[in-house]
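Dropping the structure in here first, questions after.
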Amino acid sequence: MIIFIRTDATLDQRAELRHALAAEGARGPLGTLPLGTGDVIGVDASMLTRSGRERISRMHTVDHIVSIKTPYKLANLAASKQPTRVHVGGVIFGGGGIPPIVAGPCSVETESQIIESAQAAKAAGAKMLRGGAFKPRTSPYAFQGLGVAGLKLLARAGEITGLPVVTEVMEPGMVDVVAEHAGMLQIGARNMQNYSLLVAAGYSNKPILLKRGPSSTIEEWLLAAEYILSTGNPQVVLCERGIRSFDSMTRNVLDVAAIPLVKSLTHLPVISDPSHGTGRRELVHPMSLASIAAGTDGLILEMHPRPDESLSDAAQTIDPALLQKIVKDAYALHFAMGRSNDFSCRTDNIDIVHESLPLETVGLQSK
Amino acid sequence: MIIFIRTDATLDQRAELRHALAAEGARGPLGTLPLGTGDVIGVDASMLTRSGRERISRMHTVDHIVSIKTPYKLANLAASKQPTRVHVGGVIFGGGGIPPIVAGPCSVETESQIIESAQAAKAAGAKMLRGGAFKPRTSPYAFQGLGVAGLKLLARAGEITGLPVVTEVMEPGMVDVVAEHAGMLQIGARNMQNYSLLVAAGYSNKPILLKRGPSSTIEEWLLAAEYILSTGNPQVVLCERGIRSFDSMTRNVLDVAAIPLVKSLTHLPVISDPSHGTGRRELVHPMSLASIAAGTDGLILEMHPRPDESLSDAAQTIDPALLQKIVKDAYALHFAMGRSNDFSCRTDNIDIVHESLPLETVGLQSK
Amino acid sequence: MIIFIRTDATLDQRAELRHALAAEGARGPLGTLPLGTGDVIGVDASMLTRSGRERISRMHTVDHIVSIKTPYKLANLAASKQPTRVHVGGVIFGGGGIPPIVAGPCSVETESQIIESAQAAKAAGAKMLRGGAFKPRTSPYAFQGLGVAGLKLLARAGEITGLPVVTEVMEPGMVDVVAEHAGMLQIGARNMQNYSLLVAAGYSNKPILLKRGPSSTIEEWLLAAEYILSTGNPQVVLCERGIRSFDSMTRNVLDVAAIPLVKSLTHLPVISDPSHGTGRRELVHPMSLASIAAGTDGLILEMHPRPDESLSDAAQTIDPALLQKIVKDAYALHFAMGRSNDFSCRTDNIDIVHESLPLETVGLQSK
Amino acid sequence: MIIFIRTDATLDQRAELRHALAAEGARGPLGTLPLGTGDVIGVDASMLTRSGRERISRMHTVDHIVSIKTPYKLANLAASKQPTRVHVGGVIFGGGGIPPIVAGPCSVETESQIIESAQAAKAAGAKMLRGGAFKPRTSPYAFQGLGVAGLKLLARAGEITGLPVVTEVMEPGMVDVVAEHAGMLQIGARNMQNYSLLVAAGYSNKPILLKRGPSSTIEEWLLAAEYILSTGNPQVVLCERGIRSFDSMTRNVLDVAAIPLVKSLTHLPVISDPSHGTGRRELVHPMSLASIAAGTDGLILEMHPRPDESLSDAAQTIDPALLQKIVKDAYALHFAMGRSNDFSCRTDNIDIVHESLPLETVGLQSK
């Protein structure tokens, strides 16, 4: 069940509520999610007696209680009156604004490569930089990334261009150092159910990009998000990146329908990764547009100044020119669907777009 | 290998070529595909000796020969200089024109139901009518369709509204009667590898809508199309309708990336079926738009005047109002991507669209 | 629901029952399954009112009525007091006897090849001959089988060796000619949901071997069997032959657990096809033994006198020596599990086994 | 490539070889695998020039070099002349001996529960104890295990019964404490590609039980093993535990064919987990036998004194009586296949078996 706490509840009253819950037998990590008008606590009520629940509901601190049948409580759409907006620097995911586009190389390779990538990403209209310092590779003999040295190069590329950075963290013991250098922590697809990592990343209080595991159900994915939310960190962005299927012609099958489906189940933003989702460079443009059409809250794309020279994922990496075309066409679609008018965050984002997008070239009038 | 025949080859010369091929040991059904500037024959060259191949290539009838490594020869992109356009009445699939939208109920239920459906489909902007008379049902105890009586009702609804009709044929012995009443024959997903049916449908010389099997690879799908093409019938439209996956939250996973991928492999048009591809009514709109963004040559949608009363597939059936919204939004996207200007079939289709689309309402100027 | 008919019901009384059911609104094809002590009718009761059901249950013809929640009624375990035994010539599938082993080439290629195959199969201990005359091939350019000429060769090989034959039928119009030459009709995996074919094959009154579709759920498979049973033909053998998965290292994943699972759901026998289930010759022996250990009612194996010369499926085809080893080891396992003692059909089968199995060589005493 | 080192190579010579390899540009973690007659080093040779390779091969330390096309070098069958035997206490996995059976509850719940479980496991013929102290649970609200307290209880149950214990470790930081209390570390299916954990576990020098990820290919699984082997720890046991498929009737599909397939690719032992592989209690017995028939090097089974009271995985947990039946039937099958005679480790194991197995009761003579 989810307990909505009164806006005027004091810290003492909140502590009192927590003690009362423990005394009644509520189980599991009790997450708190500060969501605007009031706070919310997710509780596993399966051990609560009816009278216990009534005692809780009569406490002054409690505004009201909602019973949730879904196994994820904090990630549930019902847990928040509004879509969650995740802020990374000045970039906002979710809430209906213009979807940010994150771009950058699969791996940080050299200082010049990552700085050149960052500059190309910015020039093409991307709002955020990605790049792997720690690389989970299927083979122990493949390039594993530059590690902490790569983190520092990535951070420096971000500073030079003003783009916030997102990078993957692969083990609990590395969360601190990654959090020191990055604006957002990525949990990779292979680690979606690495619960120790989810919890450690959550406690960093950094925004988290949670990729869907290649054979994870929607429910398992939302429960993985729940692990992060249960640490009290509400800043989670989900990322659809393709599921494993029987046809080897593409690396994965990008489950585009997961985007609107997840948005009907959770208040968290969801973005799309057509690079991993297809594994084929020539499919990144159409699948970026398809994701936008389906309502994605952002895109994350592998881009390299010279894709064929990438040390990893070359087959799915696009060049800056194609990134620029994707940004333009994506925003043209977004406007064509009239989406930017519906949300309060519109003004800011329109400004951001105005900087970089000559909308006239795609047949749309600036508004 | 594919043999391109000279434009001026006579019927006698063609017969001579066929005899020469047989004498040299070419195997399998020899399909002929009339593709504009000259004809084309697909041949399994695996039994041809090098000298046999040279003898064939020196014949006057033969313009040139192309070796094809892919197992599908006639469906291969290389087999045609231009995208194939499939005509059903005045409706054109493929070739870059405005993608037609096909709509109608899962099953033909009653005369009034199918006529009302056809009128609602037309009013909403659909260009073609769908409806099942013979229904492949997983359970023998589920409603199996009205059969020939349903075919006649469907044909009548088509005549009243002027919409061409497409309907499924389930066995070779029924091809003739279905071809008599429908403008286009559908091969359903369960029958994608029912080779007797593919060949029988091909020989009807009707346009064929070939759905992808729920666990078929792209290559198997194109090879199924090859069966039809090998009868000499070039009018095949492919239809992506979702693949089977591990998550039961949707009926299937609509493989949107299959649309651009298939278009890079074949000259045949490919359309999208978001109704079966998701199985959920609320996902039909976003996945229709995603398909358009990915470059689909058309949409096929289950629509019923009163969806909840459908005898089959109610959960994925939309109502006329939502169909109208999808048509408008789909065409707004299509124009936003600047696609309609690129193709010669533009003029006709623009006219068709002008009738039904108040483009201004979706924020676009008419051109 | 399933209606159990009194043993002494006359044909007139049965007709009266059918009319009453129709009048009360029972829907769908009404199958009849003669199962020993009395007959049984499967009815879709979803349209029956409570009073309608009561009227039916009070009819003299009706012994009792069982409500079935599962969608398959006739295939349901509850529909029969005993496991169904399917007889093909003297060979018995099901009922707990020694599991028969069916063997033979993928395709009938020549007269000498099929006769040699049949003789090798018999010598190795197989009890039945398989061989394809009509071959469903993914590519229209692959060898499609010899057709009716192949059927006749297969039948002749059966006569010479005394082995009953099973062969695939691919379209309703060919059921009669295949039934004329074969003891058992096979419905292939690609056609598992070809409902016209299921019904046509059912009406032949021949025993049917129904392969599981490569991405069919257990329930869909049992519902496909239900189509056959609903024609009144109770002689259905299910065949697990591997499901499609994400790893291309094997052709399919043989779902061994489906064997005991299906046996807990239906009274029909289920056999295993490790040849298609793995696609790799070297896995046929271990997976045959695994299937026996899991309780299969039989094996069907692709065997060719010279496997590397097979026109189709060479990679998964074993030679006669390996077949002989599989037969011996399979029966050694069967006896080691003490299974043969439990069933009344034991005596006959033990005799059959005694002919060909020097049990001492596998460390077991003859009993 | 794999470098086989001469038996008489000194530590200094080995260090010299490593330096030479680094100087020539060999990349990745260099694993060493002590495999009997001589040692072996796996090297990523993709950066080696031809002349560099020649220089290496001429060094005195190098016996010979084998080029390996497969991406896993140390796990490759070619890397070892003999099957690897993994020792945990007196229990041996691999090498063709009698396959040990590991049993115990999903989770350690209380002291009495785990001690009672251990005693029941031993009495039933199991040779090793399993039990989860740290539980990876899909939901953060599910029981997460007792943690270090659970580890201690598990170790105590092992001491009392003399059974070695295996338990899961979920994060690198916990490897030390788990290794202190357990004889073998388990890497769970969700963590199969948690590379930090694989490497940390490898460096513990404890034997590792590596479960296959639910959607991992065989190659990915062997590459995960390669991560552990590359730390110099050769004691890896693979565990097939079912793959994810489209049918929800079973929790997973136990890929029995993976057992013989993996054994044809690697020298490492592979065991089977029919509990997770099916998720259904009634399928554990037949799938245990199927795994034995397919050649598994062991079984791991979830067993609880009172299965219905399990805090986790109750649906797939068997009781002691069924465990005893599985042990007996499994060994009867093993003997029926004549397998125990082929291997040098036979004598010890036969003794072990003699203690607990009244073979006569399953129709076999003691040898």
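The first chain written gets the first letter, and so on, giving A, B, C and D; residue counts start at 1 in each chain.
Definition applied: a contact is a pair of C-beta atoms (placed from the backbone, for glycine too) under 8 Å apart; a residue touches a chain by one contact, two chains touch by 3 or more.
Worth saying up front: this structure is predicted, and the values here are computed from it rather than measured.
Peer 1: Going by more than half of the contact pairs matching by residue number, which of A-B, B-D or A-C reproduces the interface of C-D?
Peer 2: Comparing residue numbers across A-B, B-D or A-C, the repeat of C-D turns out to be A-B.
Peer 1: Consider the two chain pairs A-D and A-B; indicate the one with the greater count of contacting C-beta pairs.
Peer 2: A-B
Peer 1: For subunit A and subunit D, what's the span in angstrom between their mean Cα positions?
Peer 2: 36
Peer 1: Touching two or more other chains, which residues of subunit B qualify?
Peer 2: 215, 244-246, 248
Peer 1: Under the touch definition given earlier, write down the residues of subunit B that touch subunit C in their complex.
Peer 2: The contact residues of subunit B facing subunit C are 27-29, 31, 42, 44, 46, 71-73, 136-144, 170-174, 190-191, 193-197, 214-215, 220, 223, 226-227, 230, 244.
Peer 1: Given the complex with subunit D, which residues does subunit C contribute to the contact?
Peer 2: Answer in residue numbers: 215, 217-219, 243, 245-250, 253-257, 259-261, 264, 277-278, 280, 282-283, 286-287, 289-295, 329, 332-333, 335-338, 362-365.
Peer 1: Using the touch definition up top, name the residues of subunit B that touch subunit D in the complex.
Peer 2: Residues of subunit B touching subunit D: 215, 244-246, 248.
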